[in-house]
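You will see two complexes here that share chain A, one where it goes with chain B and one where it goes with chain C.
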Partner chain A sequence: MSKQEMFKDRNISEDYFFLDIEDYPTTPWEKFKRVVKRSLKGELFVGLWVVLREMIKFDIHTVQYPEEKLPIGPRYRAVHEMKRLWESGTERCIGCGLCEKICISKCIRIETRYDENQRKEVGEYSINLGRCIYCGYCAEVCPELAITHGGEYENASEQREHFILYEDMLTPIDDVLNKKQREFQGFGAITPHEDERLKKTPLAY
Partner chain B sequence: MAQQPNRLRPFFENISYEREDNELVVNFGPQHPSAHGQLRLMLHLQQEQIVKAHPDIGYLHRGMEKMAENMIYNEFMPTTDRMDYIASSSNNYGFALAVEKLIGLEVPRRAKVIRMMILEINRLMSHLFWLATTALDIGAMTIFLYAFREREYLMDIMEGYCGARLTHAAIRIGGVPLDIQPDFLEQLRTFLGKLPQNIKDYEDLLDENRIWRMRMEGVGYISKEMALSWGCTGPMLRASGVAWDIRKEEPYELYDEVEFRVPWSDKGDNFARYRIYMEEMRESAKILYQCIDMYEKCVRDGETELMAHAPKYISAPKLDIMTQNYSLMQHFVLVTQGMRPPVGEVYVPTESPKGELGYYINSQGGPYPYRLKLRAPSFWHTGILTDLLPGHYIPDVVSIIGTTNIVFGEVDR
Partner chain C sequence: MVKFTIDNIPVEAQKGETILEVARRYGIYIPTMCYISKTNPCASCRICSVEVEGVDGFVLSCNTPPTEGINVTTNSQKLEEERTNIMKLYDVNHPLECGVCDKSGECDLQNKTLEFGIARQSFSAKDQFREVKHWNLIDYDPSLCILCEKCVHVCNEVIGDDAIEIKVGGYKSTIVPKDADTLDCTFCGECIAVCPVGALVSSNFKYSANAWELKRIPATCAHCSAGCPLEYEVRHSGIDGDQKIYRVKNNFEFSNLCGAGRFGFDFDAKALPHQKIAQKAVDALQKADAIEFSSIITNEEALILQKIKEKLGLKLVNEDARLFKNFMESFASASGKRLYEADLEEVKKSDAIIVFGTQIATDNPGVRYAITTASKQNGAKVSYFHPIEDALLQNVVTQFVKMEAGTEEGVAALMAKELLKDSKLPKELQEYFESLDEGYLEAESNVGEEEFAQMSVFFKRAKNKTLIAGADLFAHPRAKNIAKLLGFIQRYSDYKVLIVPKEVNTLGVSLLCELDEPVEDGYIVGYNTKGDYTISSFDESANLVVPALNQQEGTVTSIDKRVLPTNVALAFDGVCLNDIANLLGIEKRYTIDYTKELGRANEAFADVEFDTLENFLGRLGEDIRGYKLKNSDVSVNFSIEEVEELPEFNGVVVYHADPVLQFNAYTAKTAQLPKENTLRGSKQFAIAAKIENGEKIVLDLGDMKIERVFELDEDLKGTVAINPTFDVEMKPNRYRFEKSKIERVQS
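Up next is the complex of A and B:
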């Protein structure tokens, strides 16, 4: 079949259906007839009834925002958090810099240095929340589940630049010790029950 | 009238217009609330009638095609969100599909089903938004409030899935980043249960409403030839007598496995487009019901993979990254250097809610695309305004712009 033929009888295909829209009136007499027909059908009252029905249902969903707040889901992407390890409470971030590399809006800045034991240590870590687009890529690439998003979304400020530092994002140590730290379930999280497919390396021989 | 602009006498756009007979030049936008973002229309008027229309675009230009040339493939994904920001996942999807075709990836079935659900949710969101804003432009504020209420449920579902309401970034090259949240299907079923009644309410309010009919019937007529020559796609084309839907013509994802039909009409005016949008919402609901069944079958069959397995291009799942050294190394290379698709070029069209959304990618084997071209439907639908508006009156402009459903993130890119 040539290409031209392919396009010829397209409109009778099973995949499509023709919308039956009645012809519009053209002559004044037809227009008048339609007005009368409509009025007798009470088209005005159909619309009024729909609105009235919604009104008397009292099915009101308005949230009085500053007083009441909707719960934020566990995957919500708002201001970042830095997590700690559950067992020891030490910081998870190893300073690899993947989040800085992937960041689309270049709002993450990380500086690392050697500590006294010649181990890598995170020095300055800041996120410019004014530039951040909350795409969730930093949480997605983090190999240690260290940087995640949190549920804190009320971060209006007076100027565009709004830097948040490592210490501000870090979970307080007491929260970890009291098991209050919440794991982020959104981008970059481990799929639940995925560890079941994992074969553990036999340690004992 | 030629002008010699200098620093003391800058170029005045309107001077030359004023000197021609008695045409009045009106700038419609770029801040007009019904101009759907940053559209500026220069309208030449004879009395109330438009004799010449000149859409002026570029007020939201961000240079996305150039940005893409300086980004690794994964990094570009959140940027595509900002094109058609009403249905951002459909843009993500188009890009992901193009790159997958370029590197020849097969996406796991479960990811495909989730993608389909996200795509159709986005289509519903976009159509509800279209209905709301168009009705508001024309003066039916009730519809605006009702349609936004329904859209809110969908946004909540998407928020639960990916954590964002507008710029989802919910699709990745090679699959989806997350499984759906536990209450996703339940929420979706509740919504779909209510949707037919909601659509019926909109139609009760609008279909027989004489003001709505007057603003819609016979206004903005696009003939078949005109639609084809201006490159219209999506509902704009289907309202003008061409049954054409990429989901049917070149089925991608699992669209050849679901049963749905695409409406078309030969009226070509605003009213036909309105009816097509309404019918498409019903069809989307049908697709979503089938997707729910498909997803449950995937769960029963024990298909758990969400990302394609291709270590050369796609990072391993997070658990592997955290436990296996080789996966971790791959992950570092893929994040810091980016994937390197083979040399080649690809054009992949998808049916976004507004029409044919196509991505052309030219890869020279490097981590950045050599050239990336976006074919956004709204751009072509803005172009047709030049030809469509003359002969209409000022109030018709608003309803025509409404039914063309142009979104300026997509036009200017």
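Up next is the complex of A and C:
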């Protein structure tokens, strides 16, 4: 076999076998015969019987959403959360604009300004959740772990405006003060032994 | 020519070149921190050190010229260590705030820190409180400053403001305003541009966007004829996503920008629904007798206007360009060349400069910076002939010759006689100069033999001489004769003449349009100026609003005789001149389709497609923008008129000149630029006009009255006051010195 033939040869496994598929019916009479054959096989009643049997058993495994909800994985990417600093409760976002830059569906908009304390203040921050594809790039690029994906996946609404509320994404100040803020455990997260790994800067004179 | 090797590559140095310049020319990398091509080397960073075979220690490549046969090594273990140590010292206590710093992403310190792999701050010094300084349009954060001295050098050597200096104090050293509490300068913002870190930033831009978010649009500055290259940096603003210009940057390594270019970028036009109806403009044009327009347009627009003129048979009126055209024609008939010879590069290289008939520092900052560069780097001597002393060029001007207002013709004749005294002149001119009534001219103009004798002492050793002539002359009643005299100076002396056009595209319009005399009455359509029907990009109340110069593609013709492309920084929702022309049956899809037809309209231009025009400076500062106009020969006419009786300007005389950072209605519209529209005069003027500081007055110029507040300016001398024109529409055919009446406003 030449190289080209080897490349084109799709039969990569010895275990390949061909399915025994009947030819498609072509004449109307043959088509009619196939319909009758399939309908009168009795398989329909098998299905109906299973449903009836399970109904009588009352042993149902269906999750009763919205009364019941399944726990979701910690790395699940749902509606974003804007985190606050543990120490002070101020917002972690420094307004670097990297999330806005990297966003491939261009749903993040951010405006910053020079505030009266001579610091960079984030004036406007919005994510258009109606357009977001939840790819997670924003969380990955964030240098401050300020934006992460949370587990809040229920974001149906009658109005598009509801998809953009920053206040909904921001961790409530009370949660931080009560140490309820959840840290993201994914890429870039603070590792459990971070304290030991820290090196002192020479500023300790 | 010096031959030597860098990293075993044989190289050749030209006279006056340093090792670093040669290396850069050959594409060999030597890291630098404080080096900036347009100034003398600061030599403060020592990162550019190299090793020279047989020389102990390191040699600074930035300020050392090579000698024949040396072998230079740019990289070795020792050099690497040295440079890494310097970088470590730069990083001492440097705030770790790259995430919010404005410079992050385009920061030299950041780049070099990464380049040398410095992962931690290994040294420290006791940190101290360093207050952030707010200097009007500029903010200075001393804790970010690495004291590279670039800003100080640029301010002193290129701009000429000399407004900042280093306050030496070891680790406490900072940049401080020179001899003042706060920064008092022309706010060109060049210090912001050259700052390698985020220490000097624009206070308006501060913390509003990051380098990586901004889209850079190469363009040409729209404010004066210098045609400086710049980049508009745009980004969406707000949630709705309208584009906005956030700041303007320039290639600071080789070019300069004045404050109007840097901070005056928000002059874009917005059209209301009723200002977008092109058909109304077409109707107006069809019944119009003339189109009156300003020179603040592109070459393509000028060509479209010319085509509309041909199609509809109306008149084109643009006094600014027509006077300039007449001036240039007279000039050409004497010099034998269609255009003047010098350009800004030529001025920078000069060692003798005469400035005549312009207040150049505010008329054209580009020329001002070129003169400053020549003075500081070549020790050029500058003679400045004007009735009013130019405060901004005080440190640069060697000889200020105070002449009387209105006597330009006499001074030009005397100057021509002086500059041409050793040249071989044709008989007509010899006779002309012999028959000059020097005694009378000297007495009336106040410029005499003494001044010229002194000038020739200053210019004794000069090799490259330039004469800069400007806007005072164009509207002078005797402009033609002055132009002829200047033309002869260019033809028969070693002086190269630079004539400074007034507006951004005066030169282009004067070449492309056939211009008519002003129309006394009749229906006038104004294009970028007021008319019976106004089409304008500055005037919000215009009948039809067209895009401003930062909203359209096209080319403008600069003082360097270059055709420079400019691009769309912001979108414009409305109609442009081309749409109107299309409705009139002059059909082209885009305005820039006319770029390749410019050559057909005037042979100085070339038939080049807009999209093939480049708009950048080369790696070594070569100007690759656009193309140069062809300067062709024209026939010489030796006839020259006798100097007329010189006029006398007595009583209350004002000079129409804009303050720093103001040029036209575009700059008047911007948010950041100061709009000082006071009438400024000396104490002497105040006494003569019987007015006091802060008094409200009405300036009566005969056919127009302007309300102003009088400001007593201690720096001014003499009896002429300066009246700004950027905020009033003033006909450009007015001679810039005017006798006027001043009335007090009774409050």
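Here, the second predicted complex is superposed on the first by the 118 of 205 C-alpha atoms of A that agree within 3 Å, B and C clash if a C-alpha of one lies under 4 Å from a C-alpha of the other, contacts with A are read in each partner's own complex, and residues count from 1 in each chain.
What we mean here is this: a residue touches a chain if its C-beta (ideal position, glycine included) is under 8 Å from a C-beta of that chain, and two chains touch if they have at least 3 such contacts.
Since the structure is predicted, the reported quantities are computational estimates derived from the model, not experimental observations.
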**OP:** Classify the contacts of A:E54 with the two partner chains as first (chain B alone), second (chain C alone), both, or neither.
**Re:** first
Original post:
Who does A:L165 touch here: chain B (first), chain C (second), both, or neither?
Top reply: neither
Subject >> Greater residue coverage of chain A in the superposed arrangement, chain B or chain C >> reply: B
Original post:
Can A:F18 be said to touch chain B (first), chain C (second), both, or neither?
Top reply: first
Original post:
Given the touch rule stated above, what does A:R113 touch, chain B (first), chain C (second), both, or neither?
Top reply: second
Original post:
So, A:L177: does it touch chain B (first), chain C (second), both, or neither?
Top reply: neither
**OP:** Have a look at where A:E100 lands relative to chain B and chain C in the superposition and call it first, second, both or neither.
**Re:** second
**OP:** Check whether A:S126 is in contact with chain B, with chain C, with both or with neither, and answer first, second, both or neither.
**Re:** second
**OP:** Go through the superposed model and pick first if A:G136 touches only chain B, second if only chain C, both, or neither.
**Re:** first
Original post:
Is A:E144 touching the first partner chain B, the second partner chain C, both, or neither of them?
Top reply: both
Subject >> chain B and chain C contact sites that coincide on chain A, given as residue numbers >> reply: 96, 98, 101, 143-144
**OP:** Within their complex, state which residues of chain C touch chain A.
**Re:** 93, 99-100, 104, 120-124, 126-127, 132, 203, 206-210, 212-213, 236-239, 241
Subject >> Residue ranges of chain B in contact with chain A within the complex >> reply: 71, 74-75, 77-79, 81, 142, 146, 149, 152, 159-164, 167, 169, 177-179, 181, 201, 204-205, 208-210, 217-218, 241-245, 248, 261-267, 271-272, 275-276, 279, 304, 306, 315, 317-319, 321-323, 328, 331-332, 335-336
Original post:
For the complex, which residues does chain A have touching chain C?
Top reply: 94-98, 100-101, 109, 111-114, 118-121, 124, 126, 143-144, 164, 199, 201-203, 205
Subject >> Contacting residues of chain A [partner chain B, same complex] >> reply: 10-11, 13-19, 21, 24, 35, 38, 41, 43, 46-47, 49-51, 54, 61, 73, 75-77, 96, 98, 101-102, 104, 133-137, 140-141, 143-145, 149, 185-192, 194-195, 197-198
